[in-house]
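You will see two complexes here that share chain A, one where it goes with chain B and one where it goes with chain C.
Let's look at the complex of A and B:
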C-alpha cells in the first residue's frame, strides 16, 4: 500500500524521539494494564459455547429433563478436566417445545443471536428433521442425540451428526439374531402407526429373515387410539413372539389389556424400552411384563458387571441403582438414551481438539475432524461401550443390551456386538460441499 | 366506524411495507430471520382473518389449508423436481381446491357446528398425511433440499436460503396479500361479507346469495393460507405433519384475536406479539406458557377487541 499524502511517512509528522518514547511507554503501560490482560485472556480462554436445543416442554419433556441433567454432568466433568482446548465449555439452553417449527427458530437463534460454536442435544426425529435445514444454511455443526435413522439415511446435510447414540435401524438389526435364537421364529409386530413404528415395521422383517425367522403379522395401531383390545384378535395363534414398540401415555393401557387378553398363557414378549422410558417398571398394570425382554441402549438398573466408567457416569449424572434420580425414586430416568448426551459431548471435545478449533471460523474444520473419527474406546468418555463411527454417514455404531424383566427390575441377559448392527451405507455426506 | 379515505388507508399500509423493507437493513441478524418467518405466518393469519374477521365464521381447521400449500409445494419439489414458481403455484392450487371442497361441505353448517366440522376435516387431513407416510414422511416430515430452493429469474438465480432473498421474498408475499386484503375489504364484495357477519338473514333478504359469497370467502381464505404454507416450505425447507395438527389451527385464531379481528394489520401485530412474547419469556423460564397466558388475559381485559381492534374503537376509527 502506498501513501501519496505522506500519512504514513514518519519523517513528515514531526515525530521526535521524546514523543516516540512516550508512545512506547504508553503502549507498554496499556499492555500491562488489568483491562488489557483480561482481554488477552478472553481471546484464549473465552468459553466454547454449546447451544443446547432442549425439549423442556411438549411431548419430549421427560427426555428433555434428563438430557439436561446428563449434559450438565458431562460439561462439569469436561470443565473440571480442563475444558476443550483449554477453554471452558458453556451451555446455552433454548426450549424448542418439541416442535419442529420452533426447533428451526431455535437453531437460528443459536447461530445468529447467541453465536454458539455448535448446536447439540436434539432428540425427537421431527424436530431434528425440521431443524436440520436451518443448521445446514447457517453452516452450524448440529450434533443430535436422536437415535432416528434420518442422519444415517444421508437425507439431511453435511452439518448434522449423530456420534453418541446408535440409530434405530442398527438397533433393530442387532436384535434379530437374539430374538430368532432365544424367543421364537414366528413374530407378530404391534407398532404405532407413525414413523417410529414404521422404522420397526420396515427394518425388522429383513433382519429376522436373515436369521431364519419371519414376521407373520404386522398390526399398526393409530396414534390416537386409547383402547387396544379390539386389535389383539388379529394376532395369529401360531405367534411365538409379540414384538411391541408402543409409545406414549397409552402404553400402560396397552400392556394391561394385553395381559387381560392372554392371561398367564402368552407368547414371548419383546419390546423397546422407548415405550417405558421415564416410567417405573413396577407401575400398577405392568406386572404382565414380568419375564419379557426389552432392548436398552444403556441399562436402566445397575448391573453386577458394570464397569468403573459406567459407575462413575451414573454417579455423575445422579441416578441410583434403580435408574431413578438419587433421592427421588419416582423420578425414573431415560437411561437407555441419555448416555448419548454424555458421549456426544466427549466426541465434540475430541473433534474440536483434533481440529484445533478456535471459533466459528473453524466450523468447517470441525466437520471434517468429526468425519475423520473412526472409533471410540469404552471408558469414562464412552461408558455405554465401545463404538465405531462412519464419517460418511455421520453415524456411530455400538453394542446393544437385551434385558429381562425379573423381580421388578431389568437385568441385562445379552449384549450384542458392534458388527451385529452394521449395515451398508446409504450415501456419503462427505461429497457435499462445506 | 368512520370510513378512511382510500389514500389514507393505502398510505398507512404502504408505510408499513416500507417500514418492513427498511427494517431489513437495520435489524440484527437473528431478528431479521425471525421477522421473515413472522411475515410468512402473518399471511397465514391474514387468510384466517378473511373468514373469521370479515365473515364471522370461526374455523378450527385452517391448519389443513396451510398444510395443503406446505405439502403441495414441498412434495412437488421433493418428488417431482418442480421449480420454485411451479411448486408455489401447486401449493396455491392445492389450497384453493381443498378450500372449495371443504367449503361446499362445511358451509352447510354454521356457528359451533361449523367449528367442529372444520376441525374434523382438518383431523382427517392430518391423519391422511400420517397414513401416506411413504410420500409425506409421516410425522417426521421431509426436508426440501437446499439445492432445489433456488428461484431462477431469467439469467439470475436467487437462493432462497440467502437471508436477504428470504426476507424480501417473505415481504413481497406479505405485501401482496396485505394490499389484496385491503382491496377486498374495501370492495363491494368485502361489504357483503361484513353484512353476512352482521346479519345473514337480512343480507339474504336484500337479494344476496350468501352461500356463494361465503364459499368464495372460504376459497380466498384457504388460498391465502396455502400461499403461506407454500412459502414456508420453500423458504424454510421443511414440511411436516405438525403444521397440520390442531395446534396450527388454533394459532392463527390466537394471532388474529390478539391483533384485532377484522383489521387488516391486526394479523401482523398479533403474530409479531405472540412470537416475541414466546421468544423472550422462554429465555427466562420453562413455564413461559404461563406468562404467555397471563399476557393474553391482560390483553383480553384491556384490549377486548385485540390490539388494533381496540385502538380503532377508542382512538383511530378510520383504521381499516
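Let's look at the complex of A and C:
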C-alpha cells in the first residue's frame, strides 16, 4: 500500500502554524465552554445538584416563596450534618411561572444545561402533569411536593415520586368520616377547574357515600377567576356543608365574598386550607370563618402537643407560633404544604445513601432505592408525623389534621390515622422499564 | 334560590363589572379616538393603579378609609404622570404612527408588567375597603362597597362627559379628534392635547383599578382581563364614542353577570367575543361610532 495522496505525510497536508493554533484554540474553547464538566474528581467532593422547579411567579408564587425557604432550611440542615454520602447539596432554582409548558422546559434545562442529579419541588398539579413526560424522557428522577393524586394514579411515569406529602385521594378518604359525622350529610363542593380540583371532584363523592353522606352539587371555578359571588347562587339551599378548596391569587376574595353572601347565617364550612394558604385568617372580612373547619397537612399555628421535632422544624424554617415569618407577622406561611419539601429532601437523602449514589449514571439505582422505601418514622427528618410509602405507586401516606377556627387561630381538633387514608393501588410503576 | 333574587344578584354583579369596565374602556376609547393610538399597555396602567393603591393604602395608617381615599387621589395622578412620560419618550418620537405605536405599547406592556413583578412581587395583596357595610337582602347579603363602586363610576363618567362636552378643554379635544391638522392650523397645541389625552386615559384606567382593588386584590397579572374586555367594549361601542363605550360596557357587564350566574362564565366570554365578531362584520364602526372619514 502506497500513500499516493500523501495523507499520512505531514509535510504534504500543509499543517501550518496558523491551523495548528486554530485547532488548539478550538480545543481550549470547548474545554472552558459551559456544560463541559470535568468529572475526573467530581464523585468524591463535588456537590449533589438538586434542580428546584419553583413557582416563583404566576398563580403559585406564595407557595413558591415558602417552598424556597423550607428547601433552603432543609438543605442547610443536611449540609451541616455532613451532606449526602459525604457530599454537599447544592440547590439550583429555576422559575416555572406556575405554567405547565414552562415547567417542561425547566426540566429540560435541568437535564441538559445544569445537569442536575434530580429535579424536585413542584407543587401545582398542572405543572407536575405537564413536566412529568419531560422528566421521564430525560430519565431524570422527579420528586414533587404536589398533594395531587396524579403520581399515585400511576398515570405519570417511573421517574416521578411524591414521598413527602399525602395525595388528595387519601386525604379525602381519611377525612370523609369526620365530615359526615360532625359537619353534615349534604355537601356542596366548590373547587378549582383544573387537575387538582378534579381530584376533589372525583374522590369526595364516593368517600362521602361510604359514610352515608352525599355531594349534592359541584361547582367548578376557573383558577384565574377574580370574582366569585356569581357562583354562589348555584349552592342549593338545603346544603348543610360547603366543602371549599380554592387556589391562586384570589383566594382571599373568594372567602370574603362567601362571607358577604351568607353572613352569619351560613351552612357549615369545611375547607382545604389551600383556600387560605399564605393568608392571615384574621384579615378583615374573614370573621365569618369563626367556627369553621379546615384540613391542614401540618398545622399553621403551634399546637400544645407539638413534638420536639416539629418545634425544631418550625424554628429552622423561620415561622413563629402563628405560622408567619419570624419578624414579619404579615408574611403568613404555607405551613400546611411546605413541610413536604423538608421531608422530601430527607427521603432523597435516604434513597441516595441506600443506592450508594455517585452521579447521574446512578439515577436508575436511585429510582429503585426510592421504590424500596416503606416507612418514614416521625422525627427531625419527618416532623409532620410518621408515614408509610408505597413504592409501587410512588406515594407516601401520612396523618391529616382537621383544625377549627377559634379565637383567631386554627386549633387541631382531629387527627386521622395513616390506615384511614390507604386505598387499593391503581397500578404499579415498578413494572415500567427504567 | 328563586328566579327573582337570582336575577337581582346577577344584575348587581353585572353592574359592578360594567361600572369598572366603562371607566377602563373609556380611557382606551379616548386615546384611540383622539390620538388614533391603540394602547395595548392600557391593562398594565390599570394594574399599576391597583398596585399603587396597595402601596399608598399600606403606607398610611389609621382608618382604612383614609388610605383608600389617598389612593383614590394619588394613584391615578402617579399613573397619569407615568403615562405622560411614556407619551413624551415613546409615542411622540414615533409621530403617533398607528402601526409603530401598537408595537411600542406592547413593549410598554411588558416593561410595566415586569417592573411590577420586580418591585412589587408576584403576590396578590389585598387593599382594605373604606367601609365594610353588608347590605342584608331577604335572600342573600351583598357588599355595600360594591354598590358604591357603581355610584362612584357613574359620577366619574358624568364628570368625564361634562369635561368633554361642556368645557374648553373638551372642545379642544373634540376638535383634535375631528381633524387634527385643521385644529393645529387654528392654533390648538395638538401635541399637548395628545399628551393630556394619553394621561387622562391612563388615569381613568387607574381610577377604575383603585375602585376594584378592595374586592379583587392587586396582582401583577391583573391587567390582562380588563384589556381584553376593554377592547371588546370599545369595538362594540364604536371607537372614540363616549356614549357607545358606556352602553357597550353596561351591555357586556350585564350579559357577563347574568350569563355567568345562570349558565357559565366561559359561555359569557364566548358570547361577548361572538358579539364582537358580529359587530365587526355587520357594523365595523361599532354601534355608536361614525364611519371613518
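One rule holds in what follows: the second predicted complex is superposed on the first by the 361 of 434 C-alpha atoms of A that agree within 3 Å, B and C clash if a C-alpha of one lies under 4 Å from a C-alpha of the other, contacts with A are read in each partner's own complex, and residues count from 1 in each chain.
In the analysis below, a contact is a pair of C-beta atoms (placed from the backbone, for glycine too) under 8 Å apart; a residue touches a chain by one contact, two chains touch by 3 or more.
Predicted model only: the values in this text are computed from it and were never measured.
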Which of chain B and chain C A:237 touches, first, second, both or neither
second
Quick check on the superposed pair: does A:374 touch chain B, chain C, both, or neither? Answer first, second, both or neither.
neither
Under the stated touch criterion, which partner chain does A:249 make contact with: chain B (first), chain C (second), both, or neither?
second
Based on the superposed arrangement, let me know which partner A:45 touches: chain B (first), chain C (second), both, or neither?
neither
Between chain B (first) and chain C (second), which does A:261 come into contact with in this model arrangement: first, second, both, or neither?
second
Classify the contacts of A:223 with the two partner chains as first (chain B alone), second (chain C alone), both, or neither.
first
Determine, under the contact definition given at the top, whether A:57 touches first (chain B), second (chain C), both, or neither.
both
Contact residues of chain A, present in both the chain B and the chain C interface:
56-57, 222
Can you tell me which positions in chain A touch chain B when the two form their complex?
56-57, 94-95, 99-101, 104-105, 108-109, 112-113, 125-126, 129-130, 132-134, 136-137, 148, 150, 155-157, 193-196, 198, 222-224
Where on chain A does chain C make contact in their complex?
56-58, 61-62, 64-65, 222, 225-227, 229-233, 237, 248-250, 252-253, 256-257, 260-263, 278, 283-285
Chain A touches which residues of chain B in the complex?
28-30, 32-34, 37, 127, 130-131, 133, 137-144, 146, 161, 236-238, 240-243, 279, 282-283, 286, 288-289
Looking at the complex, which residues from chain C come into contact with chain A?
1, 5-6, 9-10, 13, 17, 64, 117, 121-124, 126, 128, 132, 134, 136, 140-143, 215-217, 219, 221-222, 225, 257, 260-261, 265-266
